[in-house]
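Shared chain: subunit A. Partners: subunit B in the first complex, subunit C in the second.
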Partner chain A sequence: MSLTAGSRPDGTRPAAAVEEPTAALVPEAAPQKGAAHKVPWRVRLRRDRALILMTLPAIGLLVLFNYIPLLGNVVAFQDYDPYASSNGITAIFHSPWLGVEQFSRMVDDPLFWSAVKNTIVLFLLQLVLFFPIPIALALLINSVIRPRVRAVAQAIMYLPHFFSWVLVVTVFQQVFGGAGIIAQTLEDHGWSGFDLMTNADLFKFLVTAQSVWKDAGWGIIVFLAALAAVSTDLYEAAAMDGAGRWRRMWHVTLPALRPVIALLLVLRVGDALSVGFEQFLLQRDAVGVGASEVLDTYVWNMGIQNGDFSYAAAVGLVKGAIGVCLVLAANKFAHLLGEQGVYKK
Partner chain B sequence: MSLNTQLIRSLKAPARPVWEEAPSRAGLSAKSGFLVLCCLGVLAPLWIVIVTSLSPKPVIDRAGGLVVLPQGITFVNYTELLSGGQVSRAILVSLGVTLVGTVFSMAVSVLAAYGLSRPGSLGHRFLLMALMATMFFGAGLIPTYLLVQSLGLTDTYLSLILPSAVSVFNILVLRGFFMGISPELTESARIDGAGDLRILLTIIMPLSRAVLAVISLFYAVGYWSAWFNASIYLTDQDMMPLQNVLIQLVQKNTATPTGLQQAVRTGELSTLGLQMAVMVLALIPVAVASPLVQRHFKKGMLTGAVKG
Partner chain C sequence: MTPNSPSASAPSRRSFLASTAVAAAAVAGGVPLLTACGGSENKDREGTTSGKAADKLLPTFVASKFADPDIASKNGSAAGYTGKVELSALAASVAKPLGSGAPFKVMSPFWGSPPKADCAYYTALDKAAGTKVTWQNQDGNTYGQKLGAVLASSSIPDMVVVPIWELVGKISNAVTAKFMDLGPYLAGDKVKKYPNLAAIPSDSWKMGIFGGALRGIPMPTASATFNIAYYRKDVFDKKGYKVPTSPDEFMSWAKEATSAKAKVYAVGDMSWTAFNVFGVRPSGTLGWHIGDDGKLTYRIEQPEYLEALEWTRKLFAAGVVHPDDKARSGDAGQRFTAGKILMYNMDMSHWYGKTAEQAKSNPDFKIEAMDIFGSDGGDPQLWASQPANIWSLIRKGASKETVENALAAANFAAAPYGTKERMLVDYGVEGTHYTVKDGVPVKNDQGNQEVVNAWVMLAAPAPYFAHPDYPDVARKQVEWEQRMGAFMKKTSTYGMNIVEPTRYANLSSQFEQLEIDFVRGNKKLSDVQQAISTWKSSGGDKLRDWYKKLIDKNGSGN
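Up next, the complex of A and B:
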């Protein structure tokens, strides 16, 4: 999906920063850096030519589809007309400049604010209802000793993560929809009219439930790894000191999970304005625009559906800018709490 | 040793450490009850979909829709869908895009991961930063759309592959894994005269099979599940991949795949049965592939990440 760079439909993005910036930047500070500078760059170029060439295809694709479109955001300051020239990009040079007019339009646009409100409400709801579930499930799975049972339970819980959103939504339709299994059973007993899929009031809970069904199981994996790294000596020592099951969980297990929880929270907050774009787009027709319009779908609707590219780009730009600020702010906050966050101080 | 004793041995729990108190009966049953409930929550809806797709039309009609308990099995929905027409074509499109896309993405990612795996090489820091910076900002939907359009990629399958071909996250995971491979191995190859490409192909990649499998799965699932790019970049309905056909047929309930209206009208086939069969066809590849790679997930997700 081209909506945000690096974020893929399979939702693998969050773990990215779990892993990298903290882990892999470490070798950089190694002493060979000083040594490397003594070697003249011509020699280094000859030595590392192959490595640089190997990196180029990926860098080229990122420049083409991430960096260049970033410049394309200038259309937000224009009255962009795609037909001003034969080509969509050169049309930018033939479109009139408007300054910040698109942005002032945004401030006066009630639909924009309703999308903002929906986005924030849904983010908070997902934070409260979704976030604790993988932790609880990981503790549960971790307490199962039998390896066979563990593996089967994990396989089942990971499975929905690999389903497409289209599939998840249609599966939910078969359960909670107007022709779904619940409605069908109720109808057999004389109650008709059950249909959660078109209920605008309950929609926010429905999409949260879909997220939980799809990704809560997958979320376990990070916590299980952290739990596996806890030394059993700690548990044994705690047990020797008379700590029971729950006290051990409180004083040994949860502190061990603290850095991971902090990190995932930072990532989640940093990504706050991107709440399940595909989910909302897929269910927009069923549930109505009022309940399902979030910032990402608003950009899609204004730009791609209505052809108001400049305005949509302006909304997207504001969203992106706030997103970057949120990542930085959440990280700062994590540092204040003494946690590592996404990148190091 | 009989299979039975083997089975019992594998099911038997490993010894509980002496300091750990035995769980209470109530606690144990609450725990296993909850675990079973979670698994049922995942499997039950899939069960209903699968059973309905395999049920003959009279059974579906009698049930008044979805079928929970199988009464007779027929593959007629599948044979109809797979014998040409809209759904067969969509499956071929999806398989093709997934295959080509995964191979392309893997090639680009593995090369980049190896190219960035030696700190201190020329331009290493700059290239790595250029890569990682894209994780923190999105280019935005509108500029990307305009770019793809003016590159002339709309209405080609390249628009489903190129814009989302590189996942920086996947490159970083591969890179972390490559960096963990002992440098003695590569150094000795280098002394023997092997170049970087040769080292990558003959030493690094064979040692990284597990992580390569996981990252391939991530890419493949991404391509198989994608529908949004197709919905904005393709206009020709005949080019649509399976997910987009699924949206039309099941979610928007346009009911019947083209080519099968006749069979539905004459009452040979049930629309619902056909719809459920399309869903099953969309979930089979991932449901088969992901458990195969499961034991490597941790490696793929977390090489060197959460050390506790």
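Up next, the complex of A and C:
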């Protein structure tokens, strides 16, 4: 589901850029590749001044809220006591150093590995069962011609995205729970014991289904934007050449979507270790820790719940490091397939 | 009337992580290693203070009498007021406001949605107490997370309310480090400036000693405070059910009363009742006790601990627990009033709360408390609650004026029943927050919205029950506590505010989740047994030695 969260705003831009590089974004002085490198940096600075000024506030926020807090990761190498000094920041200087002690604790903790296993299984399931659904939905919506029907269908599909997880879980409980609509109906017909919500074995499918219900509709936005950019000339030309509905989809629509799909896939893989948080926290008691613990809830329990900040920071740090590697690898893979990916050197 | 006793919000205090003990085991030598990190300062924060050392720190007790209770305290129960109060004849406990009007900030847990900062209730109370409080109300269900962060910041509010169940991890240590010694303001006769604080029982004050100094202003609790199994008296009468008096009877009643087809399940999650029935001690410091065999054990080492869990598990397995309770979804109290379950666990506050809530919409509704039975159907073995479980504390470095204003506010909140102050704290302003009908005050909508939490969290008088609109409920509450109190024993750690060394901070944090998982069939008995033996080897046995020394030094609390 983080597919929708992280990737949407950035996703649209490269897609558009691929289709038609807009003049505004490409400096006129650099019509050919490589030419830009020959212009001295001072000239470039003057030329791009306005653009740089415009990005400064965003960079400032990024530094303030993303980069400076990164320094706090040093507590992963300490036995951090936030109350050791007058405030939590100076307490870092009063906490003893432990080296990699916290990391070896992590490696030796079977619960950490259980959380890793759950996370990976869920990621793979989401990749297979969730990722293709917004694409399919976008194709469906795109084939609807009447704008009114289309708008209504889209609105209905977006709606669950705005529900909180608490609400989603409650709705599922009322439908699929042991006292829910389905169980009650079955009960009336002589079958008893239906309870999907407390079944630890099916939990991974249940949470994937919840994610699909909540966020698949929202995920189609990016794909619809990409589809809107496909020139109708191409369809007409294909139709003239005798291409049927399926062939047009295969040879026109899907190739147009390919860069977006590759980009979202890269982002999703980079985010592989984040499969959700509230959703799992809310349902942990129903199915038990064994089935519901993922890395994010594990870190939360350790840090926020137990106050073991150093250990939680260590686990978070490892998770972050693996995430960076995954993004790099996926990006590389996208390049190998001839796609743009997230960035290029 | 303890507005929020710990059990009410216990679910929020969930110690999520099942791995801590295992993780601690992984450090193996981690205990000595972390000891080294404790530093000398931490040493002063650990342990407890009792006996003569404690007596020196305590305020002098001066009883205050404004209204004699109709039912006196017995067997550790609260006192009860069941008669009518002459509202026009209420006296003031303090002649003139004690506060100087200097502003100060209070952070306090709040269950529900807080009113506006300038609401009529806060304004009226400030005026009467001579204070100017800025309330920083925080969601009571996630209060611990907020508290941990606030204590680590450099801007701690002047006064902070800390419930005992949030003292997990390093927080109990932080309380000593961040809050001031109130001795110079309250010890001995100094307290007489604040007559209502002076009337708080010494046992409760003793619980306010952190790190060898009196820091916390207590909210006293009756020691005969136990979690209650409420049942629908009206449904029991209608269906002719007999209230169970043994675990077996309970099981057969539950099976009889459950009908999935009719959408009625017998019970919610009865874990807490099971612990009471089997005589399992509370978690936390009260869980330590020297048994008749002279051995010091923690609650999870009691054989009854596994028996209680096993019995609860059987209830779940029998399908008599509502599926939503199995999934821990929604509110059991609402299922109870809706008739979807006939029995559930909750603290004392729901007796009155549900009675008042249902009176209009559901006139047949009758709520009663089941008498706790023993595991063999005989008398139960119950364990006394600590004499105080919520404190308000004042930050180190607060000015003298701030401290005096904070104490003035606490003194106001601790006004005994039968005073003008009490009426104002509990009901607000007549005409604005409540109206009087036949001599009985009844809160209106504004009253229900504004007169919630906040002021009552600062301090409280000796425990009592009084519900002018439902005097019968107050009587039943006291009688139940007195009946149950007769079976009550105190653990060796009773009455002592004990701060465990931080290296054991997360040793037991896994058990709450483990209990939840085990009774629902998501963990095996062997998992629990394994966790207990890991607990022992990864610090439990060392913690035992620590407690042994502590009890040797301070004497047993029972």
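Throughout what follows, the second predicted complex is superposed on the first by the 276 of 345 C-alpha atoms of A that agree within 3 Å, B and C clash if a C-alpha of one lies under 4 Å from a C-alpha of the other, contacts with A are read in each partner's own complex, and residues count from 1 in each chain.
By our rule, contacts are C-beta pairs under 8 Å (C-beta built on N, C-alpha and C of every residue); 3 or more make two chains touch, one makes a residue touch a chain.
All values reported here derive from a predicted model rather than from experimental measurement.
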Check the residue A:D285 against both partner chains and state whether it touches subunit B (first), subunit C (second), both, or neither.
both
Of the partners subunit B and subunit C, which touch A:Q173 in the superposed model: first, second, both, neither?
both
Tell me which partner A:I52 touches in the superposition: subunit B (first), subunit C (second), both or neither.
first
After superposition on the shared chain, which partner residues are touched by A:G307: those of subunit B (first), subunit C (second), both, or neither?
second
Touch check for A:A155: first (subunit B), second (subunit C), both, or neither?
first
Of subunit B and subunit C, which one touches more residues of subunit A?
B
Counting only touches as set out at the top, which of subunit B and subunit C does A:P82 meet: first, second, both, neither?
both
Of the two partner chains, subunit B (first) and subunit C (second), which one does A:Q184 touch, if any: first, second, both, or neither?
both
Partner chain(s) touched by A:A200 [first = subunit B, second = subunit C, both, neither]:
second
What residues on subunit A does subunit C touch that subunit B touches too?
82, 87-88, 169-170, 173, 179-180, 184, 187-188, 285-286, 300, 304
Hey, which residues of subunit A end up touching subunit C in the complex?
79, 81-84, 86-88, 91, 95-96, 98, 101, 104-106, 108-112, 169-170, 173, 177-180, 183-184, 187-188, 192-193, 195, 197-198, 200, 283-291, 293, 297-298, 300-302, 304-308, 311
Inside the complex, what are the residues of subunit B that reach subunit A?
10-14, 16-17, 19-21, 31, 34-35, 38-39, 41-43, 45-46, 48-49, 63-66, 68, 107-109, 111-112, 114-116, 118-125, 127, 130-132, 134-150, 162-173, 175-176, 179, 195-197, 200, 217-218, 221-222, 224-229, 232, 243, 246-247, 250-252, 276, 279, 282-283, 286-287, 289-291, 294-295, 297-298, 301-308
Mind listing the subunit C positions that touch subunit A in their complex?
14-20, 22-23, 26-27, 30, 33-34, 36-37, 39, 144-145, 148-149, 151-154, 168-171, 173-174, 177-178, 260-261, 263, 265, 319, 322-324, 326-330, 340, 502, 505-506, 509, 513, 516-517, 520, 522-523
